[in-house]
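Both complexes shown next keep chain A, but they swap its partner, so chain B is in the first and chain C is in the second.
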Partner chain A sequence: MISLTLYYVLMAICGLGSVVAVFLAIVERDMLKAVLFSAIQSTLYAFLYYLLMAPDIVLTYIPVSVGLYPAVILFLIKKTERFEDVEMKKGVLWATGLLSLVFVIATAAVIAGKGIGPVPPPDVRFLAGWYLATTFNPRVHLISAMAPEGVTSIVWDYRGLDTVFETAVLFLAIIASVALMRGVEHKGVYDELKHGMTLIGKTITKIVVPLIIGVGISIALHGHLTPGGGFQGGSALAVAPLLVLVVFSKYFFDKVKFTKTKALAIRSSGLLGVGLTAFAVLIAAIFLHKPAYILQNQPRVGAPLGFPWKGIDGVLLGGSLLSFNACEAMAVCAGFVILFLLLSIPERYVRSVVVGGEEHEH
Partner chain B sequence: MDPVTNWVLVILGEILVSIGVFFDVVAAIGMLRFPNFFVRLHAATIGAIGGAFVPLMGVALIAAGCDFLGKYRWFIAGAAAVTGVLVLMLAPVGSHLLAKAAHESRAAVVEPKVVDFLEEDKAKEGGEQ
Partner chain C sequence: MSTEVLSFLFSIVFMSMIVNTALALYGVLARPSLVKKIIALTILGDSANTFAIMVGFRQPSGTNPIPPVLLWKPTPSNIRYFISHAVDPLPQALVLTAIVIGLAVTLFLVFLTIQIYRQYGTTDVRKVAKLRG
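Let's turn to the complex of A and B:
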């Protein structure tokens, strides 16, 4: 248990040290030194995240809050002034310091009293082992997701409901932006010479766009075997229309008659596909008079139906994951295209439509 | 493949990577020393073609010569070659469009200037109209 005690001691030092650093950063009137204290606090936090077994957060936290953030602040200080001219009252100062110290000690007391369970929880590694052992394991088919890519399995099988809701949230966000821009129709006639970038840019875009689409589709449809999946594939796919939008101009979309409504139709059918995949096994089970779950992928105890996971010649199909990924890629790509199309409408035009109507009433 | 071919591939690849290092250093010096945006863009392109495309081809050759990687060496070689070709296609277009945008918007001043054909053409067009 020495290692666990060491963990706690190191975490306590980091926590208290960061409080002191924050206090000094607030008190310090020389902004450059304040930024330095803030960076020290960030470093301690990064170490704390590492101790809490969150290396992914450490990897994003260090460049952002130790590198980028101080750099931005330093840049701003350079533009404004280095010394603060407002002095804090001594009483406020001490009260702030004391309060933050009390807060840290109280939090530490809660954690030390097992208020949020043992830290770091020893179960974390057991859980990881469990995922690795059951992601693809034909010998325990009844508890396996039967797809070798662990992340996609977790996203669409182990915690599939969560992902369905995430998809719904993104859908709502896009519906909201469409609703905000209702009635704003901006069209123009595409002119090869007048609109967009130079011929060199257009030619290369014509070569690159099919490549991007190919990569996007492969990321989406290979998601159950290699890193990737529906959202990633859809995002990669969305780069192609974005590139067309920037290089050929918005009016090119009018020329090929690709409208916001069509993108919305693609997005909705993608979402419908996600929904149908979630209910597919259940619908089949109703007709076969067997029990089943919502979002069921493979057969489970008491629910014998499931998606096929092996195709001809032993090709892995990934069960419901393949269908989920394909539909999600469609939905995400079309959703981004809608956003790009809306964002590409000139602000002056939008304002003339939105404000113009109101002015008319007066 | 026989060891001699492998060695030839690896050594050729290492020569290409060394050329890439040279170009990268040249590009870095150019970025720091050149006087205006357009010439610095030229230095950046040296870094993209000489310093990225050439060494990527070298990496493809080295990977192809590494027998111990098994069949995976073709994955690495292929990926490096495809990336290299994409860089070769996209970097010049990017710098071309950047230069054009900077020139059109007058975000970067051509100073010191030896010759500016684009401006002369524009002046000619303006005169005709």
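Let's turn to the complex of A and C:
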């Protein structure tokens, strides 16, 4: 019982700590410090997600919010302005910060004391119970997703259409960014001594990057068995090229001839794989003259075809989930790499193309 | 542990998220710098996601909850234990995609902000608004 109390105390500490971090991140005039506070907030949220029994979220949230996102904002600060032009009185500031902490504790005490505070219920909703009962249940194969990972089953089976459209949003956001930087092509010659960080940084990166890639692939391909999946694996994989970009500089990518076009090709094949997996059972059914659904994973009532869920020796394959996860990881990782490559082009060069070109048109 | 203490500690997390949302809203609406607005927007999104995950949380009486991953053989008794202890997987599935897409949208905003800086030479919305006329 002590452990249960400790569990909730840790949650409360994470919550209060995040209020302090968010307050500092919002009122800070120096953007570099604001990003640092925002990263502290992200770390505390990641702890909170772990305590709230959401390991899938932790796996995506750590690479995205603690790794990729602060790096991107640092790029942004380097390219634009570091300080915000706003004056705030120190006394007012401290009072507001202290007040928000007191407000949190006081209102929590009041609503808990009055019995109207939120209490985690002992049961989940009926729908959640349904998901949990059928995510991996061979006795009811016709309504089961046949993968033990509840979250990945929902992402790609129960609510697969949602995820396909979410992938479309991802696609559009990346295409919109690429369109903003259209016509900007930059190439340079990589110089081991001149570009990037020191030899120590480069050597360590050479050791760390294969490990990150290994972990990323593992997260993506085991997504149907353990916490993980395409989105988690893809964002973990995207950390590796970003690290290379920061430590070795953009010119290293020019040297190994890894261009934006190649990343676009990887991303497009990932998206194509997602599309093909969505239609695979339907296409097979057309040839076999049988009914089937779009995004079908396992056999359903009246639609007898489905992906294999068990390999030889009883290894769980996860049906269409494995294929979806692998393709989505490719699409997510390569999509972010495109944007990092575009962000890393020297600003002076981009200016000469973008602004210079517009002036020419006038 | 008494229900009051549990409720108090869980209420602290809940109220922290409300205050974080309020602070992030202030950042998005009232701060002049576009960089600060982007930072505040991600905090706003993360806080909203945390609310969603808290909705799916549960506290089975006496024991700790478990993640929605079936780690044992799917026998009827194991599945019954799983249903009575695992948290709701649906909010987690929705938040999962929201985080990754949130980053992609943030990157788009980053590109827009850099483009604004290229054209106007500032990321301060008050100055941008004046320059437009």
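The rule we apply is simple: the second predicted complex is superposed on the first by the 236 of 362 C-alpha atoms of A that agree within 3 Å, B and C clash if a C-alpha of one lies under 4 Å from a C-alpha of the other, contacts with A are read in each partner's own complex, and residues count from 1 in each chain.
Operating definition for what follows: a residue touches a chain if its C-beta (ideal position, glycine included) is under 8 Å from a C-beta of that chain, and two chains touch if they have at least 3 such contacts.
Note that the structure is a prediction, hence the values are computed from the model and not measured.
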item	value
Touched partner set for A:Ser218, first chain B, second chain C, both or neither	neither
Partner chain(s) touched by A:Val208 [first = chain B, second = chain C, both, neither]	first
Touching partner for A:Ser344 - first (chain B), second (chain C), both, neither	neither
A:Leu48 touches, of chain B and chain C: first, second, both or neither?	second
Touching partner for A:Ser269 - first (chain B), second (chain C), both, neither	neither
First (chain B), second (chain C), both or neither touched by A:Leu180	second
Which partner, chain B or chain C, touches more chain A residues	C
Partner chain(s) touched by A:Ile200 [first = chain B, second = chain C, both, neither]	first
Touching partner for A:Thr259 - first (chain B), second (chain C), both, neither	neither
Chain B-facing residues of chain A, complex	197-198, 200-201, 204, 207-208, 211
Of all residues in chain C, those that touch chain A in their complex	1, 3-17, 19-20, 23-24, 26-27, 31-36, 38-40, 42-43, 46, 49-50, 53-54, 56-61, 64-71, 74, 76, 79, 82-84, 86-90, 92-108, 110-115, 117-119, 122-124
For the chain B and chain A complex, residues of the former touching the latter	86, 89-90, 93, 96-97, 100
Chain A residues touching chain C - in the complex, by the definition given at the top	1, 3-5, 7-9, 11-12, 14-16, 18-19, 22-23, 25-26, 31, 34-35, 38, 41-42, 45, 48-49, 52-57, 60-61, 64-65, 68-69, 72-73, 75-77, 79-81, 84-86, 100, 103-105, 107-109, 111-113, 115, 117-125, 127-129, 131-133, 135-139, 148-155, 159, 162-163, 166, 169-170, 173-174, 176-177, 180-181, 226-227, 229, 231-232, 234-235, 332, 335-336, 339, 342-343, 347, 350-351, 354-355
